[in-house]
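These notes concern the structure reproduced below.
Per-chain numbering from 1; labels A, B, C and D assigned in written order.
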Amino acid sequence: MTTSPLLDATGVAKNYGAVAALRNASLSVLPGEVHALMGANGAGKSTLVKILTGAISANAGRILIRGEARDIRSPAAARRAGLLPVYQEPSLIPDLDVLSNLRLTGTPVEPFRAWVRELGIADLDLRDSARDIPLAVLRVLDLARALAVEPDVLLLDEMTAALPANLAEKVLEVVRRQGDAGRAVIFISHRFVEIAALCDRATVLRDGETVGVVDIVPGVEEEIVELMLGTRIEKAKVAARSVSEKAASAPARPRITVKNLRVGIKLSDVSFDLADGEVAGVVALEGQGQDELFAALAGSIRPSGGTIEVDGQAVKFSHPIDAIRSGIAYVPGDRSEALAMQRSVRENIALPFSAALRNWGPIHMRKERATVQSAIQRLQIDTRAQGEVQRLSGGNQQKVTIARWIAADARTILCFDPTRGIDVGTKQEIYKLLRELAGHGKSVLFYTSELEEVQRVCDRVIVIFGGRLVDIFRVEEADESALMRAAYGLPRGAKADIGILADPQSPSSGTTP
Amino acid sequence: SAAGKYTIGISNTVQGNGWREEMVCAMKAQALASGEVTKLNIAHRNTDAAGQLEDIRNLISAKVDAIVVNPADPAGIKAGLEEATKAGIVVVAVDQAVTEPSAYIISNNQEQYAYLGAKWLFGQMGGKGEVFYMRGAAGASADSDRDKGFKKALAEFPDVKVAQEVFTGWQQDQAKQQMLSFLATGTPINGIWTSGIDNVIVDALVESQAPLVPVVGADNAGFVGQLSSVKGLVGAAVTNPGSIGGAGVTLALQILDGKKPAQQTVLVDPQLWDNATDEGKAKLKAAADPSLSPEWPVSISIPDWTTYTKEQIVACKGPGE
Amino acid sequence: MNHFLRRQGWVSGLFALLIVLFIVTKLIQPGYGSGDFGSLARAVLPYAFAVAAQTVVVIAGGIDLSVAAMMALTSVTAASMMAGASEEYALFVVPFVLAMGFVLGALNGLLIVVTRVPDIVVTLAMLFVLQGAALLVLGAPGGAAAEWLKAMISGTVPIPGLPDAIDAWLPKALLVLIVCLCVIWVPLRRSRLGLSIYAIGSSELAAFRSGVPVARTRIIAYALSGLFAAMGGLALTMSTGIGAPIPGPYLLASVAAVVLGGVALGGGKGGLLGPIVAVFVLRLVRTDLTLLAIDPNVTAIIEGLIMVAVVMFGAFITMRGRQ
Amino acid sequence: MSTSAITPVPLGRRLKRFMADRPLVPLIILLVILVVILQILRPGIVNERWIANTIKFAIPLAILAGCQTMTMLTGGIDLSVGTVATMSAFIMATQIVSQDPAVAFLLAMMPAVLIGLVNGIGVGVFRVHPLIMTLGTSLIGTGCLQVYQRTVIASGAKIPDFLAWLGTGVTYGFPNALLLFVPLAALIVFTLARTGFGRLLYAVGDNERATRLSGVQYWQVITALYVTSSMLAGITGLLYIGLIKAPSLSLAEPLVLPSVAAAVIGGTSIFGGRGGYTGTIIGALILTVLTTLLTILQMPEGARRILFGLIVLFVTAAYLRIVEER
């Protein structure tokens, strides 16, 4: 049967100064379809979504909605045309409470509440300011707000990237049902497993151009990757191979020893150690205390109990500078937290060099350029738009946050979900980099929201649940289902049907309330 | 009556200007010298008529016996002064008139101030030529009064033209920059009338080696010094005593003691000291006081009205300080 | 929740401070009574409107440096129109001047939106323009005000059912202030427009993406600011009976009171109540300084210290709260 | 299909891009246009003496605008510079009568350092908004100056010859003040572009959390910044008293708003992270020329102010239009 497309965009182009974010993109979505929009970092997916929903205007292109040419000039107009986006960044007004946010957009409250419950958030207070709500929950609220007005076309830009597995599953479920109900969903994600489980077709963008539309059938991943990466495919494959041959580094003396660490009510009694030359993974569902663990180790917050030892010496951090002096560097998951967006790549990488009072004097420009350049090359950062970091694509921005500490030669790197929203090629590069760092005797603590990454990168895996350390796996034992069970607080060996798109029962069967 | 028996409130709305500072010091010195004042209650800040109303009402709340006020505007504080009189408080306005009929006024005659200086200047210019007219702050009532006097003199000299009219805002830096800019235009002028920002003008003429045309200013210590020290400078200082504040206190005390003056309004007419006549030179010499802050008027006392000594006004201490 | 509490906490703290100051005043001057409170209310009036004008734009994420100049212009316009005119003519003058403030405020907003020049520069430029216009309207202080306008803010209104002792503490000026602010602010706060103003102040991008017409909202915020400033200008004319083309000290005072009142510079947070209470606090401090006959040269130091100390204290509390 | 990619860029766009990459060029062009207008209105005014005078008056403004530039880079502002400059000038003029010049200099700079320190601690440690903090210290400073002036009413005042030479002197057509300004400006430009401290100013203004995670201690940067700003203001005060030669209690206050305007016209963002000092210098020149232009125009004062406001707005808007490519 041939249904006419709900949404049909052709020849869309968008220039930012000299750089073309989109050259010739097209996208056609049928009713009842969940349509994946795929592409490497910087391919222009978000830009296309913004154009379709009137957040920015295109330089060229034609957009038909139900066969009619519509000129969508603002998000409000898109909303009237039945197009509702959930952008890559949260769109709730930070200083307004949720209820006011709903009023602002004219969203009916009761359906919203229903959707929020449906999406797995049980205890939402509509009077909370958006600022005080954790990122993952905000993303879900954004989605619920869009669902509540029953849009014809829902556009989800990396909806699941910042979500822990349990919330991501709920989202996938709900999205699938949208498709089944005859509405259309445009779904952007870098996670193939989600695409495979959810989508009917995929449009692939490369360098701002639509390079193919494929039906999602088993085994189509290879084809998509080829389309996405073009010539970059070879490199990615090499990277994948090199990661698999991981070195089981000999247990060295502990670099960092954490004993009975406690942070308020969020984290209690966590003890583990981290050796030189080791990548230790941290796995946890959203909000189980991993943020506090990283922040305490990075010197951003003061622990309320327990000790941290570095090279056998007990340390007390009252400012990140103390941690940095002990050789511990922190790469936050949210790039906007780590980068001075209007400054150049070079200045961002060189930032730690100037931090200390004694380095406030004249900068040795040549030496700095050499150091920065070698870090850029090591991470293969695309520096075409290096004058301002904000012009880089998300993935390249992420690399800059890591490059800073490579340049500063930090001995221990705390990476908090560094592959969030990053394309497969870049991911491989980051895995490889982390392994290389370990190979050079550095130690890495690596939190990830994607379980499959654990096996690719880590030597050991620490699982945290309800603020407590519940298990430590050697990498050989750490298959996804075992990790998932542990992450839900279930004891090792217990059988529970948990996996992507399975229906997990409430996670409260664990140890702590 | 050494202990004193009155509390006097003072309200002034320009702070940080030499003339006003001298006025306040004169009030303090006179209150001290009179021996009749227990306490001065001074509201002295930069504000407008509405702010002065607030200050006057606060002084009424403080139950002072008399209020001496330098009005931000003659009409704008009428309501406050009326309330004060109703509350049995003696009200004396100094420096400028007020429209409230119950208030007593002891004022410098601003219109006469400008007229006197301008007339002398135009005479020096031989009754013809171009004058650079440097006014005070646009929109201030003292400035518009002076403008009336200036225009009156101008009408008497039909051949004198205003080459350029600027507002200095009574700011030294602005006036100097305006003078220098004007000199750079090369427009010939025959005289300069200033509304009291005078010594920087002479400075600007000297610095840029421009011809020294006659200059009229006020009796500020700096300018009075220049009139006798700068070679080739012909000029005149018109008195505009800040000590009028002291006179206001005297008047208030007289009224409190039951000695009402014959009229509601007492005008203190300005004098002109020029360095073109021997008589004027003698007056300038007598008045010159290099120890005073250059912004302070040298006429630190008004005969018959103030009784303090120079040391007392310079010490700037009121009763109880 | 916690955020909400914090803001209300700040306003309650200010209220407590105000009450303490009243007690202090009564101790300094045991005769301080309802009449003196009436004076306070009248002194507060122009400041309160200035601060309301500033509050609206600060909440919308901007700043308005032209508040005082706008007050001067509206004041001289009103005063010069009423000079020599009949009492009834003022019935036309008041809405005219309010409309003028609204339109000129909207012009501020329009210029910001159209030229994309930062608000601080646009309103700085407008400061000069409005000042110049005020000088063209009246070269020196002058003009007049209708008697009924002047009477509107002096004395008290007998409210039926209330004992005179309480009536005496409800000066007309205070009622005028409350009515004028509430008529605009209360419906605004509850409306979608009000939400939009908070939204663009909090996050312009998020507001745009939520479908808020950002440009229009910004223009309206500035227009409301102009309207409040025009009320302030009228208040000046009502209390002094004249118009003065030189702006009074309302610009810096308004910014200070906005911050003291718990409205964050940067936008999105706070309300109107806090800044208004802050204005009362600042005026009452001035009264106390006069009552105490403090050396006038020291009063500037004290006022500066109070401002810095209160804001530092607030910052200190928030820091403690965060830990 | 792909039309926009290959077509040659038209000249207008190329010119625009050229200027966008060199934001100084359009600013200088705007300055020249103003000077040309001035010359047309008053032929002959643009002579050596006028240029020297313009530079003399632009320099104090440019230094104070430098204070604003640096603080604005961190998202702050320093409204206390006028008071600080006035205090230094007044203290210098009154202390020089009785003290050794070196001692008088130290005394004159003391309040500058003190106010800068208080500003820095307030903003950097207590996180008070800079606008309020510097407004407050400026009030306090003014009050202290009032109290101080009463103690020196009778001591007289004097302008040190050296300062008068520096402020008003001209050598071979060049104002002597350039001897102070050129090295100072070079130092500021160098500091912003090539030192760790300068980098941190930009970075802190751009994203303070990021700098914290990189080990930067905010309070150190901010305290150093506000002390520097205040000391620059103090030096400006000394230069200014040499230029005006009349100590008054509000000497440099009228420079505060123009200093903010000069920095903004020069392309510094009040939100932090963007801008530089060279633009600010041109901004200060533009404002000074504009003041002259309006002084010599024969028109009512009200119209003059209206014109001033409109020109400032127009210049800033035109500059943004040229520099921003959207």
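We take it that a contact is a pair of C-beta atoms (placed from the backbone, for glycine too) under 8 Å apart; a residue touches a chain by one contact, two chains touch by 3 or more.
Being a predicted model, the structure only gives us computed values, none of them experimental.
Engineer: Which chains lie in contact with each of chain A and chain B?
Structural biologist: C, D
Engineer: So, what's the distance in Å between the C-alpha centres of chain C and chain A?
Structural biologist: 46
Engineer: Just curious, how far off is chain D from chain B if you go by their C-alpha centres, in Å?
Structural biologist: 34
Engineer: Send over the residues of chain D in touch with two or more other chains.
Structural biologist: Those would be 142, 146, 150, 301-302.
Engineer: Can you list the residues of chain A that touch 2 or more other chains?
Structural biologist: none
Engineer: Taking each residue of chain C in turn, which ones touch at least two of the other chains?
Structural biologist: Those would be 134-135, 139, 245, 295-297, 299-300.
Engineer: Name the touching chain pairs, would you?
Structural biologist: Pairwise, the chains that meet the contact rule are A-C, A-D, B-C, B-D, C-D.
Engineer: Report the residues of chain C in contact with chain D in the complex, numbered from low to high.
Structural biologist: Per the touch definition, chain C meets chain D at residues 111, 115-118, 120-122, 124-137, 139, 245, 252, 255-256, 259, 265, 295-305, 307-308, 311-312, 315-316, 318-319.
Engineer: Could you list, by residue number, the parts of chain B that touch chain D in their complex?
Structural biologist: Going through chain B, the ones touching chain D are 15-18, 21, 25, 138, 164, 166-167, 169, 171-174, 176-178, 180-186, 199-200, 203, 207-208, 222, 290-296, 314-316.
Engineer: Can you check the complex and tell me which residues of chain A touch chain C?
Structural biologist: So the residues of chain A touching chain C come out as 55, 74-76, 79, 85, 87, 89-97, 100-101, 103-106, 125, 127-129, 131-132.
Engineer: Applying the document's contact rule, which stretches of chain D touch chain B when the two form their complex?
Structural biologist: For chain D paired with chain B, touching residues are 42, 44-45, 47, 49-50, 53, 57, 142, 145-146, 149-150, 152-157, 168, 240, 243-252, 254-255, 291-292, 295-296, 298, 301-302.
Engineer: Using the touch rule from the top, collect the residues of chain C that touch chain A in their complex.
Structural biologist: Where chain C meets chain A, its residues are 1-4, 192, 195-196, 198-199, 201-203, 205-213, 268-269.
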